[in-house]
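We call the chains A, B, C and D, going by the order they appear; numbering starts again at 1 in every chain.
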Amino acid sequence: MTVETLSALDGAAGGAAAPPAGARQIWRRLRVQRAALAGGVVIVLLVLVALAAPLFAAVEGQDTTTYHSGLLNSAAGAVPYGSFGGVSAQHWLGIEPGTGRDLFARLVYGARTSLGVAIGATVLQVLIGSAFGLAAGLGNRFADGLLSRITDVFVTLPALVFAIALLAVVPSGFPRPVLLALVLGLISWGSIAKIVRVQVLAQKSLDYVAASRLAGSSTWRTARRELLPSLVAPVLTYAAILLPSNITSEAGLSFLGIGVNPPTSSWGQMLSTASTWYQADSAYVLLPAALLFATVLAFTVFADGIRVALDPRAASRLRVGTKRRERVAAVPAGAAADTAAVAVPDAASDDEDGTA
Amino acid sequence: MTLVEVSDLRVEFPTGGAAVPAVDGLGFTLDEGEALGLVGESGSGKSATAYALLGLHRGTGARVSGTVRVAGTDVLAASDEELRRLRGRVAAMVFQDPLSSLDPYYAVGDQIAEVHRVHHRVSRAAARARAVEVLRRVGIPDAARRARSRPHEFSGGMRQRALIAMALACEPRVLIADEPTTALDVTVQAQILDLLHELRSEEGLALLLVTHDLGVAAGNVDRLLVMRNGSAVEHGPVAEVLRAPEHAYTRALVTAVPQVDAAPDRVSAQPAAGPGPSGRGEVLLEAVGLRREFGRGRNTVVAVQDATFTVRAGETVGVVGESGSGKTTLGRMLVRLLDPTAGEIRYRGRDISSLGDRALRPLRRELQMVFQDPVSSLNPRRSIGESIADPLRAAGELTDKAVVTKVKDLLERVGLEPDWYHRYPHEFSGGQRQRVGIARALAPDPKLVVCDEPVSALDVTTQAQVVSLLGELQRDLGLSLVFVAHDLAVVRQVSDRVAVMRDGRIVETGTVDEVYESPQDPYTKGLLAAVPVLDQAESAARREARRAPDETPAPAPRVG
Amino acid sequence: MARFAVRRLLQAVLVLLVLAAVLYAVFYLAPGDAARLACGPKCSTATVAQIREQMGLNDPVYVQFWHFLQGILAGHDYSTGAGTLHCAAPCLGQSYRTGDLVSHIIAERLPATASLALGAMVLWLAIGIGTGLLSALRRGTIVERLLTGFTLVGVATPVFITGILLLLLFCSWLQWLPYPTYVPLTDDPQQWAWNLLLPWLALALVEAAKYARLTRSSMLETLAEDHIRTFRAYGVREGAIVRRHALRGALTPVIALSALDLGTMFGGALLTETLFGIPGLGQQLVQSVQLKDLPVVVGIVLVMGLAVVVANAVADVVYAVADRRVVLT
Amino acid sequence: MRHLSLSSRQLGVIAIGLALAGGTVACGPKNGADAKANDGAPHKGGTLYVLNNQPQTNFDPARLYTTGGGNIPGLIYRTLTTRTRANGAAGNKVAPDLATDTGEPSKNATVWTYHLKDGLKYQDGTAITTADIKYDIERSFAPELSGGAPYLRDWLVGAADYQGPYKDPKGLSAIETPDAKTIVFHLNKPEGDFPLLATQTSFAPVPKAKDTGAKYADHPVSSGPYEVVSNENNGEHLVLKRNPEWSAASDSQRKAYPDTIDVQSGLDQAVINQRLSAGVGKDADAVTTDTNLGPAELAKISGDKSLASRVGTGHFGYTDYLAFNPKVKPFDNIKVREAIAYAINRTTVVNAQGGSSLNDPATTFLPTQAAFGYTPYDPFPAGTTGDPAKAKELLKEAGYPHGLTISLTHDTDKGGEQGPEVATAIQEALKLAGITVKLDGEEHNAYEDKVHTVKSEPGAFLAGWGADWPSGGPFLGPIFDGRQIVTDGANFNNAQLNDPAVNSEIDAINKITDLKTAAARWGALDKKIGAQALTVPLYHPVYKRLFGKDIKNVVISDWTGVLDVAQVAVK
């Protein structure tokens, strides 16, 4: 594509530079992507379920802790009597082998933990990562070097191992979900820091930052007014990618038996218990697996959607600013999503190294 | 006989909603050995037309209608196979950006050999030989060796030559050159244009030259087709079109082209006449032995060295030079966006070259800058009003209300609607954005404004408007301007005095007339000689002059 | 190039130093007494004291760290009681638990992890690049939709779920494969591959999805580049264009990324190793963490760290080799 | 006591899961025919495969912590005495091994004398001397060779601070070897159980000349029926072959039918169960000594005779219990402890540990075997599901009419005996009695430290105790003997009970050298202590383990609860 044809488009599409990523634009661009929308809906539902967990449990008339030994065949390893893991009018999704606790109740309450931990961790990662990235990007050679090395260290950390070690250090009194969020957050913020740093460096070289210096603004003022706004998009996008990977990490930790404390339920905890039972009681493994899968999938497609909507990388990759719109216009959403997805894996792999 | 035949060509690009015609009912023909210039400003659809000739719109989602015949083939109806035979073999295209148009991973020679073998059943060895041959043909020195180097090891000019060589390799009958020199320095541009001219005369190639630069077209084609918004506004022999343009737009276009020779009515503050340069207002800014290095250790690059010159109150100093001459670096040092490695910058006699950020802040407002790229110089996420208000708010002297009023005044001052305050950059055209940039520079009532290639990214008509705006402002506000540009004509238009830079050094300074009428430095001479001119006789003469083997040193090829 | 190497070497050393230091700090804080763990729960206080002395646990943590560094630089001699056990530099120390040399333990575990990682990589590259290219070149077709779906599923499924389902499917329902039992390549190549197939798959499916996405996007990007247009404009066949001019550029980031992932994989894919009972570094690491066997933990983490750092360098080199315009710094 | 690391537990957890996978398909009725193959007399020859989860780490007689000389170790290391290799209770006795008898006590069991049999040789043909046994015992004190059982340090005169032969070549004066075939032990208190202790591998001979210290495990010098061909990855893969110098004549216990024994460890427990039940190829000649059936097999064996016929059931002397520390309120109040004892629901606890097939609900602290002196009693009869009402009553009497809140410390290792599953079961049971339980889950090491350190010992926690030899002594002693309260190290007397009556009774029983009489007294003592509700016994684990189709002569003693690899045959 050449400047002409493109600016010909620009005539219609209106202007060369990136439009401000205002909430309205984002929404407008999200709306056109069916998958992303679906993902969004699922997410909303999940959040609602999590929030209204007690309600749901009450409707079923069960709680997460009561044992139902009577429903278990003790001699056969305490698996539930009856089919589908003891599904019945009282226990809609059956009961947990070994204890006889109600699965439906534990699933809906589990959503609370899993989402809570993941969201907490993500927020933390974003905060720490952005802080480091920003400081490194704005700082002088030395500061940048130092901070980048620190970041490297954290990217290099075998996340899961450190989680295990840290979890061992912290007194058991500490509320576990919070701890999990903290540990995940404190360990794997490296990738987001790197992304922010690169963004800042890219922005720094742009003329409007120079202009702001000429305007007599202090570095901080410049950062606040010129840089931060432009960071929102990539950070949001990446956060949307981090979140599902955090859900998985929580599950992974629980899977290794160092997740939330009993009798709290989380999907990861259920999965790890289920992995003990799934042959004798396959319903038990499929439930949390399906939910976890659905959640991660929802967040992933939603993240793709946001990525397209905010399209943080396209501009920087294309030589002519005008090409950005052409790409979004001419290339179907999916493709545009992937052009941004290039940023994802190298980052994502940092989170996955532990949980792989 | 007729080689290319285009009639009622329409090209539409679907953009989400309504389809926009980039080309709208265009028609023209091109005969064997003939040269047609397709001239128009950005968005006029000239390149879209060129692409249509090779059917390059296929698979891009663009809708093409009408008829396009190239050497008898109906391009729009042709099968992919027919099209492939057409491409390169009959009509070969030379693209605008020589760097990105070659595969960075392969040796130039191999790439040429590859396209050669597409159309000629020959051995690899033979193809390579052919590649070397055409490279030599387009004047690549030591072609056999250079054929093995990758594009990034070529200078811009050589890359463009390589692209042309690639075209030649297929022995086409028509050459389609899409803005072949836009990315190049003026001297190199001259060389490329000469090469095209030579090839035409010697190989009997037909040429379709797509360009935004009337000057470039003037000296190199027989007929001109002036396009605007996708359709032809004027079409005829060059001489006539240029001498007596019928259409108003063409006239505007022609007059807008800055003339490097024969000083036009100067837009700058004072008439060149009067008490020589020395006599004018007191010295405002003084650069003494400025030096700037980039990188450290072995890979240190000296961008500017002992640059010494002065700017007096109310005058305009032009700084000309080709890319890499260090003019932008110099400009940025003057406003302390870059810190000089050595040397002094005296502002009103005070050395500011080593002031810290804090100490500098009060001075900042007096030294402002207008940037080259209207896209990157405005924050896309902030309304233009806010961008302009920035210096005012930073100073924090005015009330919010006062700031807004002042910004609106400024907007008006630079010829924009005051109530566009809340609009965002993407809603403006390049020219408008540049005006915003100017408004922002003016906001803190500066004494000196450095304009870094303020118009090079703009269409010629817009260029003229912005240039005159600058001059006008300077006159009214008694500003001093440092006008950094590669375009000698523009510089001549605006400047009182000129400094010519080459490879980081100032090779010549003086009043405009001195420098342009009787250049001393051979490099300056070369530059001036290379500038394309509208008058054909003149340009022919210049070409002859350039033919006389290299007495003018062209800038050393720089690794891109 | 030399400067690049030196620079990276220094970086690596720094990163690894910090890693080791952090570990020492963390373990110093962590509860549990390595000496008691080594000695057994019913062990008398006197014995524990002797063992602690023997392990040098009575020294302050920084002294212990210093000894560790000395070992790396100068090697170390350990008393086996009857004689001495020489640990040549770089000496990673001696397991608190078993008295084995850490280097020896790592050497025993590495083959399993390497087998897992390398094999998985081959698979995920094959699957990932394959699907990625296919969906890039079949843009907008049903094929693409299907593949996109596949990759999404892959991305959204944690490895331990994939693993369990694979076991369920292939081992118990279909009975096509044995329950994985790690067999060293040197013992029986066929059994080795046969038993690693499922772990490879489990890991590869997750990774492949990632790679499919990356390949696809970077392919689309490359195809949109100007030089591709050039060759189209000269009538080069689409196939040839993809083969000669698009593939290389498109795959460069893929190869680079896989270098990185391989690096992290050498840290042992904890969950995969645990799930399939593969005696690799990851499993050893978790066990050692539990047993507070600091020397082993540090040793393994350093190996992991090294792998990652090297991988990073390799990735950069890949870029530089593929694209000469890139300058290594 | 088994202390599995998190990840091996984890292996177990998944393992069982996979085992289920294996179970359904592993073998149908078709195997019924093969079941017959198990009948018929055992013969020498062939290769026995042992598929294990836990590796034979530190395979050094000084470092091994075994009961009765261990299972695999017993193939290599003969000891002064050894356990009887017989089924059930018959396998709970001590028999002479290297020694001519189980030991002659004197000075009311403070001095023990042994004489070696004639013609005992190492694998290299050199003669076994008592000096070598003394040497190995001394080795077991060396900090370089940590891990062995601690008893000798307490029992031998002047051994408290001994540093082992490497630092202190003078050796232990408490052990005399007047001649090459005689060895005399001087104890600082009467120990009637000494013959049982003498079964542990620290009583095996190690020739000083061949001692390579920490490396000895790689090439130990065998005194038993087999010798080590190779020992890979610190006990992960052991290959043993017949030791030609061993003579059945001198060994009344070991049968040693197979020519070679291949011990592959570090296997996933699921894989082990699946391979054993499928029994394809070499796996037909395979056994496991450390992997229980999973629920899937349990579910199957009821309907699958042939599979059922290949399950060996054993009872190892082990008790899992809820421990109280009366120094901590409100557990100082016996009524509260009794209330909890009543409230406990052993069904839920047993289910949490794999169901009634793998666990027997426990009311006594001593395991259910005569050798320990098992005397059935239940001071707080509440049936298997508990008696919340009675518990509430007691609480009221205790002054907690509105219930109370307590904290229960447990190990966070999933599936562990002291793990979260058991803890939550108890939490849930006590809830019904109006007792709110706060769970204090500690990572494995932290848990060990916390509960076994007097200063930090919590008021209530989960614990388990296993027998180092089948006798009441090692069972009750460390837990209830006031003089075994360790204030500056690992303490197992959770109640920190220092009751003169109990102490003197323990001393009295230790003087008894007739194990039967002793057992009876131990039983009585257990009942007496049980009434104080210092612990709430929860369950005794039951071992159910598969063996291959062609395995013959399966012997499972109560001593180990596991089939004895020294007795099985594959032909």
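In this text, contacts are C-beta pairs under 8 Å (C-beta built on N, C-alpha and C of every residue); 3 or more make two chains touch, one makes a residue touch a chain.
The chain list, named the UniProt way, goes like this: A, C = Peptide/nickel transport system permease protein; B = Peptide/nickel transport system ATP-binding protein; D = Peptide/nickel transport system substrate-binding protein.
Predicted, not measured: the structure shown is a model, and the values here were computed from it.
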item: Chain occupying the most central position, where position means C-alpha average; value: C
item: Pair of chains joined by more contacts [C-beta pairs], B-C or A-C; value: A-C
item: For chain A paired with chain C, centre-to-centre distance based on mean C-alpha positions, whole Å; value: 23
item: Whole-Å gap separating chain B and chain C, where each centre is the average of the chain's CA atoms; value: 51
item: Intercentroid distance (Cα basis), chain D paired with chain C, Å; value: 38
item: Centre-of-Cα separation between chain D and chain A, whole angstrom; value: 47
item: Chain C, residues touching no fewer than two other chains; value: 30-32, 164, 168, 172, 274-275, 286, 290
item: Junction residues of chain D, two or more chains touched; value: 6-7, 10, 14, 17-18, 21-22, 24, 442-443, 445-446
item: Chain B residues counted as touching two or more neighbouring chains; value: 97, 100
item: Arrangement of touching chains [line / ring / star / complete / other]; value: other
item: Touch list for chain D against partner chain C, complex; value: 1, 3, 5-8, 10-11, 14-15, 17-18, 21-22, 24-25, 57-58, 65, 139, 141-150, 153-154, 160-161, 163-166, 211-216, 233-234, 236, 266-268, 270-271, 274-275, 442-446, 448-450, 452, 478, 486, 488-490, 492
item: Chain C-touching residues of chain B, taken from the complex the two chains share; value: 54, 56, 83-89, 92-93, 95, 97, 100-106, 114-115, 118-119, 150, 152, 163, 166, 170
item: Sites on chain B touched by chain A in the complex; value: 11, 13-18, 20, 22, 42-48, 51, 60-62, 96-97, 100, 178-179, 230, 332, 335, 337, 357, 361-362, 364-365, 367-369, 371-373, 375-382, 387, 390-391, 394-395, 424-430, 433, 437, 440-441, 443-444
item: Complex contact set, residues of chain C against chain A; value: 11, 14-15, 18-19, 22-23, 26-27, 29-32, 139-140, 144, 148, 152-153, 155-161, 164-165, 168, 172, 203, 206-207, 210-211, 213-214, 216-218, 220-221, 224, 253, 257, 260-261, 264-265, 267-272, 274-275, 285-286, 289-290, 297, 301, 304-305, 308-309
item: Complex contact set, residues of chain A against chain C; value: 149-150, 152-153, 155-158, 160-162, 164-166, 168-169, 244, 248, 251-252, 255-256, 271, 275, 278-279, 282, 285, 289, 292-293, 296-297, 300-301, 317, 327, 331-332, 334-335, 338-342, 344-346, 348-350, 352-356
